[in-house]
Each structure stands twice: as structure tokens, then as C-alpha cells.
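Report on the following structure.
By letter and in written order, the chains are A, B, C and D; residue numbering begins at 1 in each of them.
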Amino acid sequence: MIGAAYLMASVLFILGLQALGDARRARRGIRLAAFGMLVAVGGTLLHPQIASYLWIALGLAVGGGIGAAMAIYLPMTAMPQRIALSHAFGALAAVLVGIAEHLQRAGQLGRLELAALGLEVLLGSLTVSGSLMAFAKLQELLPGAPITYPGQNLANLTLFAASFALYVALMLHPASTGLLLAMAALGLMVGVLMVLPIGGADMPVVVSLLNSYAGLAAAATGFALDNQMLIVAGALDGASGFILSLLMCRAMNRSFANVLFGAFGQTAAATGPAVTVRCVTLEDAAVQLAFARRVVIVPGYGMAAAQAQQAVRELAEQIEARGGEVRYAVHPVAGRMPGHMNVLLAEAGVPYERLLELERANAELPDTDVALIVGANDVVNPAAREDRSSPLYGMPILDADRARAIIVLKRSLKPGFAGVENPLFALPHCALLLGDARETLGQLVARVKTL
Amino acid sequence: MIGAAYLMASVLFILGLQALGDARRARRGIRLAAFGMLVAVGGTLLHPQIASYLWIALGLAVGGGIGAAMAIYLPMTAMPQRIALSHAFGALAAVLVGIAEHLQRAGQLGRLELAALGLEVLLGSLTVSGSLMAFAKLQELLPGAPITYPGQNLANLTLFAASFALYVALMLHPASTGLLLAMAALGLMVGVLMVLPIGGADMPVVVSLLNSYAGLAAAATGFALDNQMLIVAGALDGASGFILSLLMCRAMNRSFANVLFGAFGQTAAATGPAVTVRCVTLEDAAVQLAFARRVVIVPGYGMAAAQAQQAVRELAEQIEARGGEVRYAVHPVAGRMPGHMNVLLAEAGVPYERLLELERANAELPDTDVALIVGANDVVNPAAREDRSSPLYGMPILDADRARAIIVLKRSLKPGFAGVENPLFALPHCALLLGDARETLGQLVARVKTL
Amino acid sequence: METLYIFILAGFVGWLVIARVPALLHTPLMAATNAISGISLVGSILLAGGGHGAVPTALGAVAVAAASINVVGGFLITDRMLKMFRRP
Amino acid sequence: METLYIFILAGFVGWLVIARVPALLHTPLMAATNAISGISLVGSILLAGGGHGAVPTALGAVAVAAASINVVGGFLITDRMLKMFRRP
């Protein structure tokens, strides 16, 4: 019975994720997956081994309440943090289950079961602290810049080797819960120290990697408890995290190693602007936009930071009301997580067929009257295309510089996350409109209306 | 050890099939899969249970010899038959293994093992005879037209019910090899009788369905022998057969039930030509083709029947030498199996980027000077688009009728497989050039050269 | 051995399914896999309700809470996001 | 139970993998799955070589021959076909 419920849940999870391949079926798919979860949890609650429902009910009520509150009240712009945080929760559950399992059955665990359980606790604890660190950096509780010191990579490697040594020791002394706890403690430290030298904007890659670790930990739990559904769900999770981090690295033209050990984004605050730029008045920008036939809006992290998505759409509507055509060019790593800009624009009610992916956007940009850049920087940096010495070189970018005119909304002349000068701003047909994106857009909307 | 070999083989099969998703990696993929097979067979040969290699070697030598000879000497046009025949071989092996397994371990088989074994023998025997029938129809050893008699569907259903009853009886009397053999015999009969009423051109659907039965039989063997690799390979096979038959049905806008029980193609010989058509001289056709700027060639079953693929390409080269552009419009169910035209054109050396799939072809046909139809009929029948009363109505077709001029190569005024009049031939801008496609094309090439 | 097959096959399924998700839906995808990873709730429930003594029960109750944050929060927020993606 | 998981997951993998094969390669695909279905060779070999007596051995030898026609023929012909697909 319970076995059938788990099998059914596994199938529903797969079908649910498969439906995410198509935006029109996605919502139905997620409901399938949620139904699968209900089946799995329901089946478990009927398990004859359960002696008392008190603590289960309490846990469910507390967790469910917190989860629901987070889901309902959190602004969409806080999604990256939320996801990082929840990996910590998931991994925490895995670690606690693993430790308790060991406490109860230390003597009776088979060799393979023990190996799986150890992996579960090690990966889980690393994920808990790593995810909390990522959360702190994304939430800006900690400075986003990489925190480095000499010999750091060596120190981290030593620590990692030490935790692995404890893992081996555990295999040799299967009954020692002390070893298990020590390993968990070291795992927590490794998680913290590994994330320290990674810059704030590389956090999404880290978060996705931790996601795949959490998935592996869940699969290991499945091995340890002989529960196939956990293996399936863990493998799905692991694959998802791995693919997304791979896609991000590829879109940034960087290797995993560079992200994890490169302390990228270190120089963010160091270099100052050394280019001469041209600023434009609000009035002129409004006129330019109002009379443009084809406008492409390029959103970036700044749009998320300023929560400007609604204002973006209002401006687009004004332009469209005057007969102009507005489209959005979404770079795969614009913002701070995969699909970040898509969600924000969707939240503002922009229909998704207006969004152009990289290739199509670059095919259309040369025939565009105005490219309006809303808080994007690195993803439109032409140095990535042209300047071999640039750290961005080779990263595929949006060719906003090929539009007939460019208007950039940002607050200052500071560089973007990569800490690299952007020669785009110095181009003769590029004009800056400095200020918070949301405020500037609000003013632009008001002006365009009066024209 | 042997378990590891089987696991590796399973993974290699998956990777191999995955590589078929991309024409450039396909060949490497097939080699991966073949290597997987080598690993699996090699691992098996090392099995300690093997007492003598004599009969194994003999079987391998005979089978390998026949297989290699068939692969090397068989013309590409005979592929549909070959595939049908080989399903019979695969299923035969499954049936024999199942029977022998039962002979040896009749008493010791568990309930689930027995159920799997019974399924293996039933599906296998049905596939053996069904595939042989399909082979005979495709090879034209039997008439292609459906063979029907009153009460046929009822008779078939009864027979199928009877074989299922034997299956149930076997479950109740696990040790009775007699029941197993009787079931196999009935299965063979069901296979024959099920295929009798299905027309020759529906054979590909049948062959693919039998492919998926053969896959299920292999998976059942895996359940019975507790061999996971067999389960994986069988499931891959089953999925492939099922998907391909589904695609074919969809491309013909027909249901499985209609294909299996509809006795489609029955009227093929019955209706005669009732339209007035215009014929063209070889000379005129050659001039038209030689001076066309954009030519689209639409190959069909007649190209395969006439083995005209090489001649098609020669003509295309002549046209291209004169500055014309030649492309090929390939309908998903042109010919007698999925991808049939693609293989033949590839054999003739046509680079695959010249081949247009349905949608692209229909986008380009209105801007085409000459559509040259080489032995295609049903797939260019505009009645499918316009005539609600036509049996083809709803099937997506190639809009050859929208080209500026149409030249049709066929031998007579007989209809194609579906046995339906083709109003295309009566259009004012359509001209027929009667005769065997290969001969006609040879003459066309010669004429175009002299122009 | 069977378990290894299951893990590898599930990995393939995951890879094939996720690779087809368009960039448009990558954020909902992250939230959805997050919710699914809350499946460790199943193990946590058995622990919290198993009556194995104070420490395991306490650990279990915390685990149940942590996992159900993911389950409830994950599915709700994914649905909330997907609701925003307007049909063209 | 594990076996059922394996079957279902393999079915998913098959479905996802095969659905991505372009129409261009459908005939080679049929030939390739045909070759892979020759995997029943494995069972046939154990039967033919197991020394279980005359009847099983004879059945086994025939099964080996039948399956190896598919294996050898299937892979060779698939390769022959794919060789013909010229790169653009």
C-alpha cells in the first residue's frame, strides 16, 4: 500500500516537472507534483509504525505555517534569498533524520547503508551552512564582496580532507555517533568557509550547486532507508541543480572552478569610472521613447533592486499606446538567478511572448530605434565581445550597442557585478539617465503622457 | 562483475539512443550502443554457469553470419521488410527462452516470475507470427490488400480472449508446460489473424506496434530472470515502437483502432480514375525544370518502388548546375516507414539540410516554380485539406498544389495506397508524366543535359 | 544493485526533463524542485512519530517543521509564480 | 517493487529520448532499437551453454542464432545507414 503510494508519487513528480517544459501546462504540472506529495505524505501518515501524531502535527503546523507565510508575503524580488534559505531547511531535515537514524540503529546498519547515511549527513551539513551563507550574502546581511585571505584555498581543502577522513573513520567504526557528529560539525564549517570567498553575484551558481548536493543527500537517505521514492526525488533534484549551475556557468563563459575558487567580483568597488559619458535630460529621453517605432527594453539586476518591474510595464504601455512596439531582451544571467527577469516581468503582467531570448534579441537589436537599459550592465558590456583582455571576454552578451540609440538607467557610474568598465556608456549614441530606476521610470511615464 | 557489465550496458544503450537525437552525433551513439552490447554479451560469456560453448558458438556463428549478410547485401528499399522480419527473430528468441525456462524450473517459479514468463511467451509468439505476416505483406508474398470476412473482428476477439484464458489457466496450474505451449500456439494464430485484415501500407504501424510488444516481451523476460538490463532495454524498445506508431497514426490523422480494425486501403483497386488530366511531353517537362529557379521535389512510395533515388539526385544536380535551387519536401508518412524517404535520399548522397519537413516545405511551396512529384500520391492529396467526405480528410499534407507548376511522375492513373482519387492531378497547372519513375528521370536528365 | 539502477535511471529522467524546461521558467523550476526536495518530510514523520525516545522525537519534530516549510512554501510559491505567467 | 521502479523509469527515459529523435533519423532509430532488442541474446546464451539437456540446449542454440541475427544485422545496418547521412 505505502509502496504503491510512493511509486505513484514518484511518477507524479516526474510528470509535474515534465509539464514545466511548456508554460501553458506548467501550472497543471505543479499541481500534479503537489498531489504526488500529498499522496506520499498521506501514505506515510498511515504507516503502522507511527506511535503518536502529536509531534508530527506540531511540526507540520509550525513548518506549514512558516512556509505558507513566506510564500504569500515574500516579494518576488526576494526569491533568490528564499530559495537559498529553503535549501538550508531541506538539508537540515536530512541531517537530523540521518543522525537520529544512526542513534537508533548504529549497530544494525549494513555497510552500504552506513556509507549512504554518512554521505547524507556530510552533504547535508555542508549544504545547511553553505546555504545560510548564501542567504546572508544575497540578503546583504554579509558583504557581497568575496572575503579572502592568503592560503584560503589550501585551508579549505585541508578542512574538506579532514571531514572526508572522518567519513572514512566512521566507516571503520560504524557505531560511533561521536564520529558522525564531529563529521557533521566539520561539514558545517566547510560550508561556511567554501562560500566566504565567493562573490555575491556568483551566489546563484553556489545555490544551484547546493541544490544538487541537497538532492544527493536526499537520494542517500533513500539508499539508507531503502526508500526508492526518496532516490527518485533526490535524483531529480540533483539533476536540476546541476543543470542550472552548468547553464549559468556557460552563460557567463566561466568554469565551475573559476566560480568556486576564483574569488570573482573582488575588484567590484576598486575600479572607478574612467570614461566620458553623455547624460540626457528626462525630457529628451521621454521624447525619444515616445516617438520610437521599435523599442527593446533590457532589464538587469538593477530592475530587481529598484523593484521597477511595474514601472517598466507602465512605460511600455505608454509607448505602445502611441503605436510603438516594445519588446524585452532577457539575458540568461541577467539579475541574480536563472529566470529572475522573467518572473519579475511576469509579475508585472508582461505577456511572455514579448520576451526575447538572447539569440532572437540580437537578431532584432540592430533594427531597434531605442534600447532602454534598466539596471543591466555586465550583460550588455561589448567588451565581452571585443576586448580579449576583459575578464568578461567570451561571455555571450546582448548587443544593445547595435541599436540606433541607447538610454541607460542606473544610479551612478559604478560598474556592475563583474567590476568591469562598460565601454557601452562611452559610445556616442548612448545616453545615461542617472537615478533610481523606479523613480526615473515613474517620471518618464509622466512625461510621455503629456506629450 | 557481471552485474556491473549489465549496468554499464544499460547506460550505454541509453546514451546511444540519446545521441540519435542529433544527426551529427548519431553514428558515435550507435557505436556506443554496440559497445554496450559487446560488454553485456562478453560479461555473459564469462558466467560460471556456462558448461559448454559449443552450441553458443554455433548459434552465434550462424546468426551473426546471416545478420551480417542481410546488413551488407540488402538494398535500402527493402528496409521495411527487413525490420518486420527481425522483430520475428527477436520475439522468437524470447519465446524459446521462456519455454525452456519453464521446462527447467516449472515447479520453482514464483507467482510474479510465472506471470512475467507467461506474458513473455504470449506477447512473443503473437509478435513472431504477426511480424512474419507483416513481412510477407511488405515483401508482396501476400496480397497487400486487407483480407476480410464477415464476423472477423468478433472471431479475432474470441481467439484473443481464449489465449488470455489460457494465460489465466497457466497462473492456476504453474507446472503445466502443456498449457504454456497451447498458449504459445494460440498466440501464433492471433498474430496471423490480427494482421490479415490490415492493408499493406498500414503495415508500418503494425510493425512498430509489434516492436513495442517485442520490447515488452523482453522486459517481461527481465522480470522473470531478475535481470535489470533486460528490463531497461525492453522498456527502451517498447517506448520506441509505441512512439513511432503513435507518430504515424497522428501524421495520417487516424486512430490506432482505425488502423488495427478499420481494414483501410480495402478499396484501393476498386475505384477507377474519373478525372481528366493533362499529360506533358518529356521535352516540355525538361525545359520547365531546366529553367526553373526554385524546384521542390516531393518523393513518395513510388520513388522507393522504382529505386529512383539516385536518378532523383542526378536530375537535381543538373538543375543546380543551371543555377536553379532544388529542395526536397519530405512528408512524415511518405513511403512505407518513418524516415523512409530520408534514408533513400541519404543513400543517394543528398545532404540532409536540403530536406524540408512538412511545415517548412508548406511555407516554401507557394514560392516554388515547379513541384516535381516522384511517386507520391496520398501525401499531396488536397482532398485531405478540403474535402470533408474524403477518407484522408484531416491528414496534414504537403501543399504541392500551391506551387506555380506541378509535374507528377507515376506509372498510371491508379490511386495511391489510400485508394482515394487525387484531385491534384486534375488541376490546370498540374501535368502528368506517366512511366516508371526511374526510367522517366533518366530520360529527363538526358534531355536537360542537352538544353 | 536495483537501487543503483533506480538512481541512475532517475538521474537520466531528471536530466532529460530539466533540460527541456525553457529559461523563461527557470525560477519556478528552482522553487518546484525545492518543494519536491521537501520529500524528506516522509522520513522525518516516521522519526517524529515513531516513539523512539525524547531525542529522536525532538530531532524528528524539528525535521518535520523544516521539511514542511519547503513543501508548503515551495508549492505555494511556485503556483503563485506560474499564475503570473500570462498566456500570450 | 524495485523492478517496477526500474521498468517505469526506463519507460520514461525511453519516451524522453525517443521523442527527441528527428524524423530524419526514424528509420535508423527503428534499426537501432531492433539491434538493442537482440539483448535477449544474453538469456539465450545462458540457456544454450547451461548444459540443461538436449531440448533446452537446442532451443537455446536456435534462440542464440535468432537473437544474434538482430544484434549483428541491426548494428551493422544502422551504421551503414547513418554513414550515408551526409553532413551539410
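The criterion applied here is as follows: a contact is a pair of C-beta atoms (placed from the backbone, for glycine too) under 8 Å apart; a residue touches a chain by one contact, two chains touch by 3 or more.
None of these values were measured; they are calculated from a predicted model.
Visitor: Can you tell me which chain lies farthest from chain B, using the average of the Cα atoms as each chain's centre?
Guide: A
Visitor: Would you mind pulling out the distance in Å between where the CA atoms of chain A average out and where those of chain C do?
Guide: That gives a centre separation of 16 Å.
Visitor: Using mean CA coordinates as chain centres, what's the gap between chain A and chain D in Å?
Guide: Averaging C-alpha atoms per chain gives centres 42 Å apart.
Visitor: Using mean CA coordinates as chain centres, what's the gap between chain A and chain B in Å?
Guide: Averaging C-alpha atoms per chain gives centres 46 Å apart.
Visitor: At which residue positions does chain C touch at least two other chains?
Guide: Chain C, residues with two or more chain partners: 2-3, 5-6, 9-10, 12-13, 17.
Visitor: Give me the residues of chain A that touch two or more other chains.
Guide: 14, 228, 232
Visitor: If we use the touch criterion from the header, which chain pairs count as touching?
Guide: A-C, A-D, B-C, B-D, C-D
Visitor: Hey, which residues of chain C end up touching chain D in the complex?
Guide: Counting only chain C, the residues touching chain D are 2-3, 5-6, 9-10, 12-13, 16-17.
Visitor: Note which residues of chain D are touching chain B in the complex, please.
Guide: Answer in residue numbers: 3, 6-7, 10-11, 13-15, 17-52, 55-88.
Visitor: Using the touch rule from the top, collect the residues of chain A that touch chain D in their complex.
Guide: So the residues of chain A in touch with chain D come to 3, 7, 10-11, 14, 228, 232.
Visitor: Spell out the part of chain B that touches chain D in their complex, as residue ranges.
Guide: 9, 13-14, 16-18, 20-21, 23-24, 26-27, 30-31, 33-34, 37, 40-41, 44-45, 47, 49-53, 55-56, 58-60, 62-64, 66-68, 70-72, 74, 76, 79, 82-83, 86-87, 89-90, 92-94, 96-97, 99-101, 103-104, 208, 211, 214-215, 218-219, 221-223, 225-241, 243-244, 247, 330, 332, 337-340, 342-343, 346-347, 349-353, 355, 357
Visitor: Within the complex, which stretch of chain D touches chain A?
Guide: Within the complex, chain D contacts chain A at residues 1-2, 4-5, 8-9, 12.
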